[in-house]
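Chain IDs A, B and C follow the sequence of writing; residue 1 opens each chain.
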Amino acid sequence: METELTKSTFSCKLGILSRPDGSAILSKDNTTVIAGIYGPIEVKLQKLLIDKASVECHYRPKSGLPGIEDRMHESIIRNTCEASLVASLHPRTAVLVAIQELQNSGQLISCAVNAVCLACLHAGIDMKFMFGAVTCFSNGVEMSLNPPAQTHIKAVFVFVFDSTEKRVIASHTKGIFTKEQFEEAVELCRSGSDQVFDYYKKVLTN
Amino acid sequence: MSQIEFVLPGQVVKDVKSVRGVTILGPGLRQNEDQPNTICVTQPGKLYFKSPNVYWIEGNRNRYIPKKYDLVVGVIVKKSGDMLKVDIGSAEHASLSLLAFEGATKKQKPDVQVGDIVYAKLLNAHREMEPELVCVDSYYRAGTLGVLSNDGFLMNISLTLAQKLLDIQNPLLRSLGKRFCYEIAVGVNGKLWINARKTKDVLNLMKVFQITDQNAKTDLSEVNKSIL
Amino acid sequence: MSDGYKTLHPVKYYREFLSQGIRPDGREFNTFRPILLNVGSINTADGSAIAKVGNTTVVCGIKAELCKPKPDAPDCGFVVPNLELPPLCSAKFRPGPPSDQAQVLTQLIAEIITNSNCIDLRDLCIVRDKLAWCLFVDFVCLDFDGAVVDAAVVSLLGALKTVKLPLVEYDPALESTQVFLEEKKPIKLHSMPVSTTFAVFEDKIILKDPTLEEETLCSGVFTIVLKDDELCCVHKPGGSPLAPEELVKCIDESKLRTPLISSLIATTLKS
């Protein structure tokens, strides 16, 4: 079983865009995503919430217009941000999250989620905790955090964890698996998330 | 004042010092309800402590959050009746009454147009309400507040740089003064108004601030040397 | 009196109920709402069903059309789901292009269909590389009262059970097709996905099969889809964080629903 996320594959740069309040470009295993955060900014009357900031998320694929799969990514990222940001500090405002996919070689959701977290950290927006996403692959027998080269993949799991107690914020699965495999995958990703949070720290202190 | 460590959101700071149960928390920190004597970090940055009981975080925030009594530079974006709407870089436009200028009366109002730049003080800033600006102090005197001349230039800088420029011990503005003759108004909201005799000087000064902004981490005095 | 209190302090109202271990509609935390299923309700569709979970009502209609398979999958047919949330079902929705929520739900149902493998796309192929069935699975929500996915999946199963496809003959020489409407065959269902939605109230209490009111007040909603003894989807799009143990407990809870739904479908089809 591979439990090491190969660390060197992450690369990131903060503040590459000048207009947003916070931005990050993150690439992992040739999957590259840019995320930008604006906020708190003026809110459209339709989306105004009187007790907290509303989070808007826009996901742009590499080419063409966003499809329904991208809408699902948007909903995962938006709900994750809603859970993690201290939205009650800025009522009647909006936080805008924009994501641009640059290259996709798998593990797109986890890369996008991590890029958004780095952008949030760069913007210095108030957060209850950080969040980190880890993808895990199963071929029915073994679990691995890195995509297996040849073997047939039976299930793919994406989990987003919070940085304080390592609980599951979001989960997205593909394929068929048993309850035991699910538990195993959560545990594996949970230990893998440590490396993501360590990486965040490394990026920010540099 | 002492710097403790670099912290990240979600981290919990233990053994918090308090005076008679009171701890003063600055930006980026939150009371932890679950455990007494601890605080939660909500922003990445360096944690500072000032005895006996003050804690705050210095990170780089890019979006201005209005605070009461802050001195800001803003642009008039709308004029309706006696009220002006001013863009101060926060989520919501701030309001400024035409009567909140020195010597203004119902009959005699100052001449302020859309697009003008003002240096004003936040009278009111609460997250549930629209921020409110005034251009007079509590004795109805303008002092340095008011409309800034249209000959000047406005530029945006980071909040961190604005704080640094406002630090009275900062040598940058003084040493620039040896070289150029200029007027400047720095708002804590990251907007900066600048005017000089020659446009060339203004452009040079703007370049200086841009460079300092980009090299936020390098010491300002070194930037000084390289320019002068 | 209680109505006014509910409108003014909805969260407090719920908190007080839940602290007594009961929900305002009289259910316990882990009881389902009653499910009703009616099959073959639409004559013009090839297969149809109406499912009602509590107040949530979803109509599913399946229309089969002939088409050419894609070159990269020459022996596969198509299943195209689409879920509509018309303004009729809730005041939240306006007429116009499908809302974000409708698109997300459509995608979730599409993933449930592919993950669970309930229809083998190869069964839908008639002649390799030439002719295949395309099943348009349309869902219309008539009453939006929480746990729409659960109702949609039940109605999907009901509708799939009633689908009958006519016999098609293809003449490769003339490239002509002949449809025999008299001879109809049902399609084979390989598995039975059963979905259960949960809502998390104030990071602690987990409510099973939530109503819309509960979904909006709660800080997170997640859906678990089981296929017999295996899982085919654990979809939690953010919301309040949960410990993995709690998720696993919910998986066990949702297993209770599978026999209920299979007996429901069996009795509905018999009558």
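The rule is simple: a residue touches a chain if its C-beta (ideal position, glycine included) is under 8 Å from a C-beta of that chain, and two chains touch if they have at least 3 such contacts.
Note that the structure is predicted; figures quoted are calculated from it, not measured.
Centroid distances built from C-alpha atoms place B farthest away from chain A. Centrality by C-alpha centroid: the chain sitting nearest the overall protein C-alpha mean is A.
Chain A and chain C have Cα centroids lying 27 Å from one another. If each chain is reduced to the centroid of its CA atoms, chain A and chain B end up 32 Å from each other.
Inter-chain centre distance (chain B to chain C, centres taken as mean C-alpha positions): 53 Å. Counting partners per residue, chain A has 162 as the residues that reach two or more other chains.
Against chain A, in their complex, chain C makes its touches with residues 100, 103-104, 106-108, 110-111, 115-117, 219-220, 222, 227, 229-244, 247-248, 251-252. Of all residues in chain B, only 6, 8-10, 12, 28, 30, 40, 42-45, 59-63, 65, 91-93, 127-128 touch chain A in the complex they form. Interface residues of chain A facing chain B in the complex, by the touch rule stated above, are 21-22, 38-43, 86, 89-94, 121-130, 162-164, 200-201, 204-205. Against chain C, in their complex, chain A makes its touches with residues 68-69, 71-72, 74-83, 160-162, 165, 167-179, 182-183, 186-187, 190.
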